[in-house]
Amino acid sequence: MNEATIKTTIFQLLKRIAPENDPSTLMPDENIREALNIDSFDALQFIVAISEKLNVDIPEEDYGKTATLKSLMAYLQQKIKH
Amino acid sequence: MISFKMPSLGADMEDGTLVEWRKQPGDLLQRGDILADVDTQKGLIEIEFFGEGVLEKQLVEEGQKVPVGTVLALIRPVGAEAEQVVPPAAAPEPKKEAIPMEPILQEEKPASPPVATEKTKRIKISPLARKMAEMHQMDISQIKGTGPEGAIVKADIEKRLAEIVPEKEVVEKPREVLQQAPVQQAAIPESEAIRKAVAAAMSRSNQDIPHYYLEKRMDMSKALAWLKEANKERSVQQRLLPVALFIKAVAKALDDVPDLNAVWENGLQRKNEINIGFVVSLRTGGIMVPAILNADTLSMDAVMACLNDIIPRARAFKLRSSELSQSTFTITSIGEGGGDKVFGVIYPPQVGIVGFGEIRDEAVVHEGMIGIKPVVDVTLAADHRATDGLIGGKFLAALNKYLQNPASL
Amino acid sequence: MITITYREALKSAIRESLQKDERVFLMGEDVGHYGGAFAVSKGLLKEFGPERIMDVPLSESGFTGAGIGAALAGMRPIVEIMTVNFSLLAMDQIFNNAATLLHMSGGQLNVPVVIRMGCGIGRQLAAQHSHSWEPFYAHVPGIHVLSVGTHEDARGMLLSALQSPDPVIIFEYTSMLNLEGEIPEDAGAVDIRKAKVRREGKDLSLITYGTGVYKAMEAAEILARDGMDIEVVDLRVLRPLDEETFLASVAKTHRALIVEDAWKSVSISSEVSSRIMEKAFFELDLPVERLCGVEVSIPYPKHLEDASVPQVQDIVDRVRKILKP
Amino acid sequence: MKKTKTSKRISKEEGKRLLHQMQLIRRFEEKSAEVYTETKIRGFLHLYVGEEAVAVGVIQALMEEDYILSTYREHGHALARGMDPGAIMAEMYGKVEGCAMGRGGSMHLFDKNIHFFGGNAIVGGHLPMAVGMALASKKQGKKNVTCCFFGEGAAAEGEFHESMNLAALWGAPVLFLCENNLYAMGTALKYTHSEQQLEKKGPTYGIETATVNGMDLLEVMAAAQKAVDYIRKTGKPYFLVCYTYRFRAHSMFDAELYRDKAEVEEWKKQDPIPQFKKYLLEEQLITEKEIASLESAVEKEVAEAVDFAENGTWEPVEDLCRFVYSEKQEP
């Protein structure tokens, strides 16, 4: 799975949660939840969706690594490789 | 043998009186011969024969009035032998054949007059308001109308709904409108309707309910540690959020202090079930407050499952009205980045609302030492008509007890 | 956008039609040498000649029937009946011939005639020259009945009507002839099947046509200052009535006020109200109300004439009464 | 039948054809009356018996591209124009196979293909249309004539006068063909017209006018030919008044209180069909045997028309609202 596909998937899922925002305007280092106004419940839903869609396990202690687009991408790419 | 009948000379001719026979039995008849004179509404008309033959027998006497279609005479076609004449039965033939182009629209039989069943005084209510009331199973006799002639209108239903439970009407109405309207069209945006409903309920709450407020900072270190452990065992789909803990803890605390699990309607009325209304804020603005029924009896996982079910549905406006109408107490949780404390406004006719601020690390004094601990500021807003600060304090103490002992939940 | 009077818009449509299609010709009383009773066709005789701008004698039944006959035989006549008041003399032709021939002939004969009529109230012309006969015409299947309530429609309705294979009656409002309005530079044919929401709102639907449209728009402006959000529906097509548009509006606002100059009894508003009852009853939060012509022959004195048909202030007052009793 | 100066010599073939047409109209109408009394035909039924020479005589002078508009007593015109008797009978039965799909009935026969534009049942209502159709021909540079049949009753309508004026004013090629059968429904000419010589009305509009004995086929033919020739040559309208008589009642339900039987009998002596037969026999243009075979052929044709109608189909009620507006948008 390449970077572009992962990114597209992330954007699709973010769009579902925060339909009024355009995730493609996110800066790489921006905090996703702050930028898109996502609460803890939706954040969990997002993690659930990501893990289901990309078939990766994201333990609770790794939630911190999913905060920005850049870190999330890196985290997922590394996860998928393994 | 040819049956010569009383002819139909128009749809408005029903019968005719045979005034005079112009031909007698045995007479040879030719096409166009006048057989008889018949009196009609329009006057005397000569009745013509369109065939050829011999008049065998006259069946109707002069002066007799007969319907159209009645056989007047029998005529033997040219060439046929004379035969014994058997006159047809006296009854005239049917007036006319069934013609398919006869009335397409059949006259409806008058319906029997409606039987008066309602003995009670008729309640005037607009069709829209009636539809809304039926949808929400509301008793319209309890609603005061403010429309023309005291009729109940949409605004009255909305006001009443806000009294029972906020936003109730917005849940199903937009879909109803789409289904019933003759064409697809934009209904009132849900968010706008919700805004109105929230406004109505909150205004009324602030006007009618004398609130008192209590606040208590609670240590979350044990609760979070417990959650962390619990989530390790759980798949990502089943993980718990702190709010599930709060809900469960509040439900248990209400069980301990039942005066807050109540409504104020002509006095305090305790509720048997503990149904926690949970404030879900909508991205487009406004809030929805679906209920988690019998939260005190649910496991933590069940509470979380319930949240996973109702929050997305609330945000998609797909709640059932029953889910909005049954809560007995309300929780609002401001979540991360929202604020340290939140002071709720009570949803009438409930008598209390508890607010959880953001969980954050604070310096706290513990056994004479200053340490950093995760804490949450919890507030209670309660109806002073129903309870006093003493009851409120008991509730917060009970809540804290449960949060410090999460395993007991 | 360009600014144009209602009269100029009508005229430009006639001119364009004559230019585009050689089957088109204009016939009517005083359309040629006089320049049109209301100067709508002024100058066209010089431009197109007497074959295409035909002055006709005062014989409404005769020349309207001739227009119908010419349409039957392949022409695209625009028949101008100077005012709707005289159209009563041509009703036999319109109702018994134009409206029935297609049906009576089992679909064989088309009558693509366009009949324009000046109409409306408000110029102190008294009882015989102030009729609102839209309801008469709208009663009859087989004809299209259009009401020109805006500049956009003054420009576009005729062009569309000439494309119709069936007879079209167009009501033009003489009191609006000098009104200026804005239309796009490339304004042309318009949809003559649908009503149009001229202003969006959510508190009440003002349903109207003809001169009622600008009056309703003005009223809505005034009411907006008081926080009342009024939707204005221009019916435009009085036959076949486009009910979808106004039913959708009522489903949105839950309240309706129908405004027209015609007498209230057996009118367009009767029909619209009835359709709302039949098809949007459960959307109603208040009874449908109507503001129509007072049931009297239209009098000559200005103050009485004004009082006999709905004015902007009447609409404003009625809406206030409905929304803020 | 007298041979007049204007009547031309006709051929055997033409003689037979004309007799056949008149005989067909006569028998078709009698049959219609018969099936009417059996309720197969309903509504109003106006029969043309007695007036056959007018329809046949006038229409034989017209060309294919000419337009014809007629009244509610139009079966004769439709048959003379060549409309299929079966399609007419089926129309009167109200069947889909009718010339107007059964939507019109007896009073509204239409066939665009033979330029037969009704079947118009409002007295005088079709005259302005006829003027308009002729006006269109003029504008289009066509040379065709619009022939408009109407009764003397229509001449009292305003639309008659408006149409005469407009046609003269515009120079529209219309043949105003008045069938003066002396009764507007049940009211005699003398009670309806201040000037009973209707032919005097034409010249006041500057319209070329003539009268003719409508019971005499050859005279009608000659007069009609003269009229049509004039119109084609000048492009102007023409007013031809045919004096004729209907032998049967106005419509089926009519006690004929308004006229004497003796008067009817008197007119029957001028019955155009026996007159024309006599003429053909005298001129040796036909034999008795040929007449008999012609009559039996007509008999068969009429019977076939009835069969055709009987076997026709009813339009499904679901189609009720067809033809209110065009199904295709472009005409």
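The chains carry the letters A, B, C and D, assigned in the order they are written, with residues numbered from 1 in each.
Here is the rule we go by: a residue touches a chain if its C-beta (ideal position, glycine included) is under 8 Å from a C-beta of that chain, and two chains touch if they have at least 3 such contacts.
Because the structure is predicted, anything quoted here is derived from the model rather than measured.
Visitor: Most C-beta contact pairs, which chains?
Guide: Per chain pair, the contact count peaks at C-D.
Visitor: Select the chain whose centre, defined as the mean of its C-alpha atoms, is least distant from the mean of all protein C-alpha atoms.
Guide: Central chain: C.
Visitor: Give the label of the chain whose average Cα location is farthest from that of chain A.
Guide: D
Visitor: I'd like to verify one number: the distance from the centre of chain A to the centre of chain D, where each centre is the average of its C-alpha atoms, in whole angstrom.
Guide: 88
Visitor: Counting in whole Å, what is the centre-to-centre distance of chain B and chain D, each centre being its mean C-alpha position?
Guide: 65
Visitor: With chain centres defined as C-alpha means, what is the inter-centre distance between chain A and chain C in Å?
Guide: Once rounded, the distance between the two centres reads 59 Å.
Visitor: Would you mind pulling out the distance in Å between where the CA atoms of chain A average out and where those of chain B do?
Guide: Inter-chain centre distance comes to 40 Å.
Visitor: Can you list every residue of chain B that touches 2 or more other chains, as numbers and ranges?
Guide: Answer for chain B, listing residues that touch two or more other chains: there are none.
Visitor: Among all residues of chain C, which ones touch two or more of the remaining chains?
Guide: none
Visitor: Chain D: which residues touch two or more other chains?
Guide: Residue numbers touching two or more other chains: none in chain D.
Visitor: Every pair of chains that touch: which are they?
Guide: Final set of chain pairs in contact is A-B, B-C, B-D, C-D.
Visitor: Quick check on the complex: what are the chain C residues that touch chain D?
Guide: Residues 25, 51, 56-57, 59, 61-75, 77, 92-93, 96-97, 101-110, 112, 141-142, 144, 163-166, 240.
Visitor: How about chain C: which of its residues touch chain B in the complex?
Guide: 202, 243-245, 247-248, 251-252, 254, 279-287, 325
Visitor: Quick one: which bits of chain B touch chain D in the complex? Just the residue numbers, please.
Guide: Touching chain D from chain B are residues 7-13, 31-32, 40, 42-45, 48, 50, 96-97, 99-101, 104.
Visitor: Which stretch or stretches of chain B touch chain C in the complex?
Guide: So the residues of chain B touching chain C come out as 126-131, 147-148, 153-154, 177, 180-183, 185-188.
Visitor: Report the residues of chain D in contact with chain B in the complex, numbered from low to high.
Guide: By the definition above, chain D touches chain B via 30-31, 33-34, 36-39, 42-43, 94, 249, 251-257, 314, 317, 320.
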